[in-house]
Amino acid sequence: MRIELVKRPQHSKLFSALSPFLAFGLTIVAGAVLFALLGKNPATTLYYYFIDPLTEVWSLHELAIKAAPLILIAVGLSVCFLSNNWNIGAEGQFLMGAVAGSMLPVLFPEFQFWIVLPLMLLMGMAGGAAYAAIPAFLKVRFNTNEILTSLMLVYVAQLFLDWLVRGPWRNPAGFNFPETRNFHSYAILPEILPDSGRAHWGFVFALVAALLVWFLLSKTLKGFEVKVLGQSPRAGRFAGFSAGRMVIFAFLVSGALAGLAGISEVSGAIGQLRPSFSPGYGFTAIIVAFLGRLNPLGIVAAGLVLALTYLGGEAAQISVGLSDKVVRAFQGMILFFVLACDTMIHYQIRFVRPQAAGAGETSHV
Amino acid sequence: MRKTLLALAASAAVLIPGGAMAQDKTKACWIYIGPIGDFGWSYQHHQGLLDVEKEFGDKVETAFLESVPESADAERALERLARSGCDIIFTTSFGYMDPTNKIAGRFPDVKFEHATGYKREHENVSTYNSKFHEGRYVQGVIAAKMSEAGVAGYIASFPIPEVVMGINAFLLGAQSVNPDFKVKVVWANTWFDPGKEADAAKALIDQGVDIITQHTDSTAPIQVAAERGIKAFGQASDMIAFGPETQLTSIIDDWGPYYIERVKAVMDGTWEQVDVWGDMAEGHVVMAPYTNMPDDVKALAEETEAKIKSHEFNPFTGPINKQDGTQWLADGEVAEDGFLLGLNFYVEGVDDQLPQ
Amino acid sequence: MFEAIVITIATAATPLLIAAMGELVVERSGVLNLGVEGMMIMGAVTGFGVALTTGSPWLGVFAAILVGALFSLLFAFLTLTLVTNQVATGLALTLLGLGLSGMIGEGFVGLPGVKMGTLYIPFLTDLPYVGRLVFGQDPIFYISIMLTAGVAYFLFYTKAGLTLRSVGDNHGSAHALGIRVIAIRYLAVMFGGACAGLAGAYLALVYVPQWVEGMSAGRGWIALALVVFASWRPWRVLAGAYLFGAVTIGQLHAQALGWPIPSQLLSALPYLATIVVLVLISRNRRLTMVNTPASLGRPFVPDR
């Protein structure tokens, strides 16, 4: 039997709404089978994975903390990806944003004033944007492939941060251990509702950024330009849009948002710079951007779902002794299901008997 | 009781209040930086967990989280453990220091034990570590005896005090046998990357060293040494299987005795805040059997080990000069623990510039 | 010493070369598979496990190739049949591979593996200076060189290679000419998976004969970078892999010599070098355009 795809005349509203649920259903079934094979009670494991983290207020706060950087970065990436700019170095921009923003509390610890935090946030955005400008410039000026340069710059940023934190920026009172001094209170991004948990304003930034970018993409001429240049650079040129300027614009926006995510993470959730303060948010955000179908509002939902799988994974590890490897494999499965189900938004799937198949444009399965 | 609770949980009707399960059993929890399958740092801590299970059987319940990065995730992971009813939580990486203290402040009834750190901001936080440099001194003695070239290769991870201390102790041990002994250092900038560690070992061997020692966690260097026909030391666990004719000895991180002691203290209600820097005498640092060496070297190694164990001798006893030739410790002077914990310079004779 | 250093560089370069060569074919067919790291580590765990249980490193190698190809089939089904986004699917494949390999390999931790021996031809291997370089390396090293030559010949001197490139350059026209675009891409992706599997086996059977979680340590990503670095030309991939190996090994030697350069800077050198070389190559716009598969990463669904 073959699987054949038929493009829908326009994308299906029904499947747009239905696809996440379908993916979730498949995940539940596959998860239950997997967990049963490993000798765990499927119902209990699934409960801890998907429900337990949502049943307590502190855990919801943690969900917001985990989702905030993912959403912020992914929203910026949506502008890049829609305009056909393959920035996969958001991780580096995230780190450099954090470094730039941390300059104030680390190098000038005695400068304690309310203006410190706003300045830090601005510097974080500037740092991320400046770092993103490198691959953008190389692409415009030398036609250098941005996938590669932005990825290479991630490693450079990681090593630069490592050098700073172990060398010149090391906490003078910290016994040589690799971390900066703790930020003073004016440099800490406050919690939204301090009484109930530790979620900080980074989550609010993420929601605001999602709304702004959504508005930019769907309601403004600039957004139209992004999409036209992304789908057909030729058509964009006829319309008088400059592809080069768009490259710079997209990279600056996504770099600035990644930088903001970086400084929010450091000043809101951690309170100091450490060599490995990012567990790969910049890469995970690429997945979030696509799970959210490159729509800023969809990205908010996708970010929360992905954050839930991390929290749920931990809950399942503690409560039913599911191993960390199973958690990661399961995460991979979820992503596959979601991506596969989204196919039905744009295509109709038909199962065809071999003898009835066409000239062989579709594949064997 | 656990089954019923789980069934209740599955029906999603009831929340489990933290600590409800801890009535009859003591719950001991761990959080690891790497996978338990790294056969190095996290693996050894997990062996400690298994020792605790073996010792207390039904009286103890354990849980652990592995591969938890030193990011905002650490704080969440700790809070989840604290809320899941853990009575004592061992946090086994330096980067968990601030999260441990933050969460400890919020859960005063839970005991926290942080490995390798120095902050104890609340009554319920202890810190613990081991004096691995004692073992490295013994290794240095063996290296100087076994090496024909008079140069050893040292694969280092990151220039934190513990690693610097290890390099210094190794060289001091070697110089006690051969005052001209040299050590070449390569910083791999990773705790764990078998390929890179193997490359570092090859580079060092090609530069003429004929003994390899490492402060990174994989077994790759010892395998390379075996291939090239020179001797090497294991790290963290007994790696003899990876170099039956290569491993001279290995420094084994044995956390089991400490974990058993501390869990017992929680059971008995005698737990108190401590700052432990466990040594050979206490069984925290164990040397793997001395193998692949002549009897006289073995005897000297055993003698050195015995002297350190009985506190007759401290590896950091003067006269010791700093790398630049200025005096650090006068004749007979012994370095204080507090100073060693912040050590950031080499002793005389290290053929490397310490990354600053 | 020179000989030993070159062999060390060859060992560091070979897994990169093999994985990158597979990905090159995949990308030439117009598909971007970012799951190299995941396929590689699946190959590593399979190669290690099979070699350990059967005692034969060659069986391990074949099993790793097979598993790499099968694992990539998952990617192919999603991106080619269900036209999911290739970037996201590739990243998810890596996630799945890292988790799955950890699950499979749980029982292998701490066991010394089976090492694949090096070649020894009496007289020839003993030749001074070049003997061990040319006649005394591990068998997979020779396979990697033959693979490069084979791919170069296939792509540019055979009709099938021309077909593959035409699919990558313009799948619309290729389809119009009656070429079975999807079927060809399936085969290319599986070839890439097989190569990644072989590269993984090399890690676990030659480089460091052991299994530990996450032992590929980012080499799959470097392989991806090499393909673009080489602007999709097989022999340049070889040059790139050896350049990368040389910089990696060179910085370790610089340290062992006691040169006072921050080790982070040394570690960053290969990446900075890649960027610089890339800029130099891509300044020649015409040359890059000729080699870049124009349909790279774009989904294809035949109209009817």
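Chains: A, B and C, in written order; residue numbering restarts at 1 for each.
Convention: a contact is a pair of C-beta atoms (placed from the backbone, for glycine too) under 8 Å apart; a residue touches a chain by one contact, two chains touch by 3 or more.
In UniProt terms the chains read A, C = ABC transporter permease; B = BMP family ABC transporter substrate-binding protein.
Model, not experiment: these values are computed from the prediction.
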(request) Work out the mean Cα position per chain and let me know which chain is farthest from chain A (ABC transporter permease). (result) B
(request) Count the C-beta pairs in contact for every pair of chains, then give the pair with the highest total. (result) A-C
(request) Can you check how far apart chain A (ABC transporter permease) and chain C (ABC transporter permease) are, centre to centre, with Cα atoms defining each centre and the answer in Å? (result) 27
(message) Centroid from C-alpha atoms only, then distance chain B to chain C (ABC transporter permease), rounded to Å. What do you get?
(response) 35
(request) Would you mind listing the residues of chain C (ABC transporter permease) that make contact with two or more other chains? (result) 102, 106, 213, 262, 264, 267
(message) Please output the residue numbers of chain B that touch at least 2 other chains, ranges allowed.
(response) 35, 189, 355
(message) If I count partner chains per residue in chain A (ABC transporter permease), which residues reach a count of at least 2?
(response) 159, 162, 167, 323-325
(request) State the interface residues of chain A (ABC transporter permease) toward chain C (ABC transporter permease) in the complex, per the touch definition above. (result) 3, 5-7, 86, 88, 138, 142-145, 147-149, 151-153, 155-156, 159-160, 162-163, 167, 283, 286-287, 289-291, 323-333, 335-336, 339-340, 342-343, 346-347, 349, 358-365
(request) Within their complex, state which residues of chain B touch chain C (ABC transporter permease). (result) 35, 37-39, 43, 153, 184-187, 189-190, 192-200, 202-207, 218-220, 223-224, 227, 237, 241-242, 351-353, 355
(message) Give the list of chain C (ABC transporter permease) residues in touch with chain A (ABC transporter permease) in this complex.
(response) 74, 76-78, 80-85, 87-89, 91-93, 95-103, 106, 175, 178, 180-183, 186, 213, 221, 224-225, 228-229, 262, 264-265, 267-268, 271-272, 274-275, 278-279, 282-283, 285, 288, 297, 301-304
(message) Quick check on the complex: what are the chain B residues that touch chain A (ABC transporter permease)?
(response) 6, 9-10, 12, 15, 29, 35, 63-67, 69-73, 75-77, 79-81, 83-84, 94-95, 98, 117-118, 158-161, 164, 189, 341-344, 355-356
(message) Under the stated contact criterion, what part of chain A (ABC transporter permease) meets chain B in this complex?
(response) 41, 43-44, 47-48, 51-52, 55-56, 58-59, 62, 65-66, 159, 162, 166-167, 175-179, 182, 198, 265, 269-272, 274-279, 310-311, 314-315, 317-319, 321, 323-325
